[in-house]
Amino acid sequence: MSTTAVPTSSLLHQWSLSHAAWDGLLRAAERLRGPAGTEPLLTGKRVAMLLLNPSLRTRLSMEAACQDLGAHLLSAEPGSSWNFEWRSDVRMDGAAAEHLEEALGVLTGMSDAVALRAFAGLHDAAEDAADPVLELAARACPRPLLNLESAMDHPHQALADALVLRDHFGGSPALHESAPRRRVVLSWAPHVKPLPMAVPQAALGAFLREGHDVVLAHPPGFELDARVLTRVEALGAERGGTLETTHDRDAALDGAHVVYAKSWGARAHYGDVDAGATAVRAQPSWRVSEADLARGDDAVFMHCLPVRRGVVVDADVLRGRRSLVQQQAAARLPVQKATLCHALGVDP
Amino acid sequence: MSTTAVPTSSLLHQWSLSHAAWDGLLRAAERLRGPAGTEPLLTGKRVAMLLLNPSLRTRLSMEAACQDLGAHLLSAEPGSSWNFEWRSDVRMDGAAAEHLEEALGVLTGMSDAVALRAFAGLHDAAEDAADPVLELAARACPRPLLNLESAMDHPHQALADALVLRDHFGGSPALHESAPRRRVVLSWAPHVKPLPMAVPQAALGAFLREGHDVVLAHPPGFELDARVLTRVEALGAERGGTLETTHDRDAALDGAHVVYAKSWGARAHYGDVDAGATAVRAQPSWRVSEADLARGDDAVFMHCLPVRRGVVVDADVLRGRRSLVQQQAAARLPVQKATLCHALGVDP
Amino acid sequence: MSTTAVPTSSLLHQWSLSHAAWDGLLRAAERLRGPAGTEPLLTGKRVAMLLLNPSLRTRLSMEAACQDLGAHLLSAEPGSSWNFEWRSDVRMDGAAAEHLEEALGVLTGMSDAVALRAFAGLHDAAEDAADPVLELAARACPRPLLNLESAMDHPHQALADALVLRDHFGGSPALHESAPRRRVVLSWAPHVKPLPMAVPQAALGAFLREGHDVVLAHPPGFELDARVLTRVEALGAERGGTLETTHDRDAALDGAHVVYAKSWGARAHYGDVDAGATAVRAQPSWRVSEADLARGDDAVFMHCLPVRRGVVVDADVLRGRRSLVQQQAAARLPVQKATLCHALGVDP
């Protein structure tokens, strides 16, 4: 609705960002932690946020980012309206009262940018792999679209995690030859129910793009999406990052500088919640303990939150001085400001 | 709470508006689509919105209208508090934890105007015909009250639909002798459950007040409220509008300039959800198709949304270039600004 | 985040306030009813509100207070995210997806003050008596924390009730020897289910601290928390207040200047909802009627709302000219402004 110096842009997947765009967003986020972060950069702009799934950090960081930058936010959340259909060519005689295309048209008509959360359906692996709700939204929405976690990716979490890694290690080996590559371990974790793969895939993308030596450790049967892995590994290789996958958890943790825990469901039980729950409950030894951290090299613990204490990780690890989980949550705010400026064509 | 140039005023029913007030609101809405729509006309004002039923367009257009005009909004929605009782002289030993009179007193005490959504209960036709929750609210509320859809009426939708008709036809035959009267067909549509009659009654009122030749087409047994029909027909006659009711859908669609689809429940099954659902499912041939539109005279399609694709209307009609549904949704924003200014005594 | 003239401060329990702080908050609330109440005193401040239970007055008065004083509000409510665990050392394999400590860390990281509503669990009387969720939050939260009703106390309601008493009686006997002590009766009331004890305990504290002759009337078996009673009675004694407890409702009402009705559950059935409901339903004669008020000395009726008509109190009492319930609700707004200024170190 207003003239801007920079072209507006959607943020659908982290792997669609050029290296320059990735680094630019992180630099902007760093700047927006300072006084620039409470300048009225987005006055007169309105953002419509549609959350099809529950949220705490995402919703609050979006609200706070808009407040700080002077933008108006319209928020539609679970429970405030009704269920939305997203499939094409379906006769809508079920629970959904409105098609997402119509709803997005309405949001678009009242805003300068749209932000969408649409988790994986967890019914059909091939369907989820196509990130269908996000793709539909991208087609239906003529405004810049921000992905606040889709079936396959969570780019805001990826950027926040990268920012925390840069803070912790004093820089990124992808940018500075003087910065050493670190052993960053993404360790599958137990849970009480099967969860989507968006966050682990986003985290892997961030670690690789930041140029680290990344180890993906999970029990057999918990493979992530092969196409996503290929893509983020290739992008990472351009920045010096390496990816190793293993089922040997102890070996993975040896010498780790970062232990990033996250649970997700087994591919064999995709669409079967009960069998999926049994599978993720069946590996309690993958819960992260202080002893696990001690195998590392001055290792820190990371998790995107929310996290179940005593299931994913021991409470003392989570609350201990080696835990970066609150830093990760706090980084969501400047990252959200950066992607809003990016979406709305404002150079912060 | 502040001095204003224009008297403040409630908007309970569209049929209670004088023609001058109706035209004045539409002129204000047109003005508020321009730069006036983002002037701080309502700075220092607070609006309390109580939504007893789900909402998307209504809630977002109210939020956006307040943001744009500088008003503060307090919003109480389904799920954020508890159930409210509205009947007088009832012993409250059921699900309702608070009487609407007390709640409205609280909202009133913190605001300059109140906006209420209270759908038809669909238990008792005679009870709904009295619009009892809205009437109670009007008695209980010493501030201007805006009706965001009650049992019998949806005046904001009526105004938005009138605005879209004026846009589409380049004016209103009620105001300009040079503007020809058009054939505007309100066509009942199938659904999966019986719905209230507020929107079709509001739409009829808008078409008639705008001076068109209106055709109401529905299967036998789907009569609207007789008292409302009498009232809006009489108002329409003063503006050159005519009303014809028919069960012959094909004849209705022949030569139509507008096909406005909407479902509502059968009178015979009022209060019986299962029988009502069977009745509205039993007429699938009333679903609007491209072939139906082709019977018209360059006909456009209208619907208030949300709409079920493949049940009420075919997806290709809805998404086609003859569909005005997004224009209708977009018109809710300037209309909401106009009724807020009206309620708060501000001349936009 | 900004420099302030007054030290910031939490408000956990009314009985932890010094008399000077209590009177200071009430004086501030009185001032904030005037033009000072819409000054931008809190510009640049952000408040995070976490409501673990439903709310109407509390949520709206917090929103309105922040709007009026220029603060930003982040609000997390039931249904917008997930269930939170608060117990330490529990394996989180149940319904709760996040521990309150993590959630409060996130809220704290994005705000200058936190406000929490966490009702009594009503499972275990000893557990509730320790106000465990509020105590956990106070330990976990490095920012000022406002109690928006905990298991044992509702300090904002206490302050609002005190403000209304001062209005009604033209001052407080605790402050002015010329103001006579009044007979203020807290009368237990029937209900349809057992309710927590926070409000009656808060009200008693307010009446006593204001220096009145307080009568607590309830059927046998409905004792409040002994430790709280001892504490508020001692504080009240320092201000001239007296406390008498009785099971004789008629004697209590004789000569009353104020009849404050409130229901709560029986101790013997704590944790047993069905037996608790039977117990609170079994005393219908405790419902407040006009005849009850007539036993008093020009008695007024008070209740914190929400209230069930015909169960707790007759509708004519509630809506009558002797009812102060709307004044109580309205007083929540200036009180909320006062406690926000108190929490954020701003002298209004």
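The chains carry the letters A, B and C, assigned in the order they are written, with residues numbered from 1 in each.
Note that contacts are C-beta pairs under 8 Å (C-beta built on N, C-alpha and C of every residue); 3 or more make two chains touch, one makes a residue touch a chain.
Not measured: the values here are computed from a predicted model.
Excluding subunit B while holding all other chains in their positions yields a single touching group, one piece.
As for how the two copies subunit A and subunit B face one another, under half of their interface residue numbers coincide.
Centre to centre, using the average C-alpha position, subunit A and subunit B are separated by 40 Å.
Looking at subunit C, one finds that residues 79 touch two or more other chains. Touching subunit B in their complex are the following residues of subunit A: 44, 46, 48, 72, 74, 76, 79-82, 85, 88-93, 96-99, 101-103, 105-107, 109-110. Residues of subunit B touching subunit A in their complex: 38, 54-57, 59-61, 63-64, 67-68, 77-79, 192, 305-311, 315, 318-319, 325-326, 329-330, 333.
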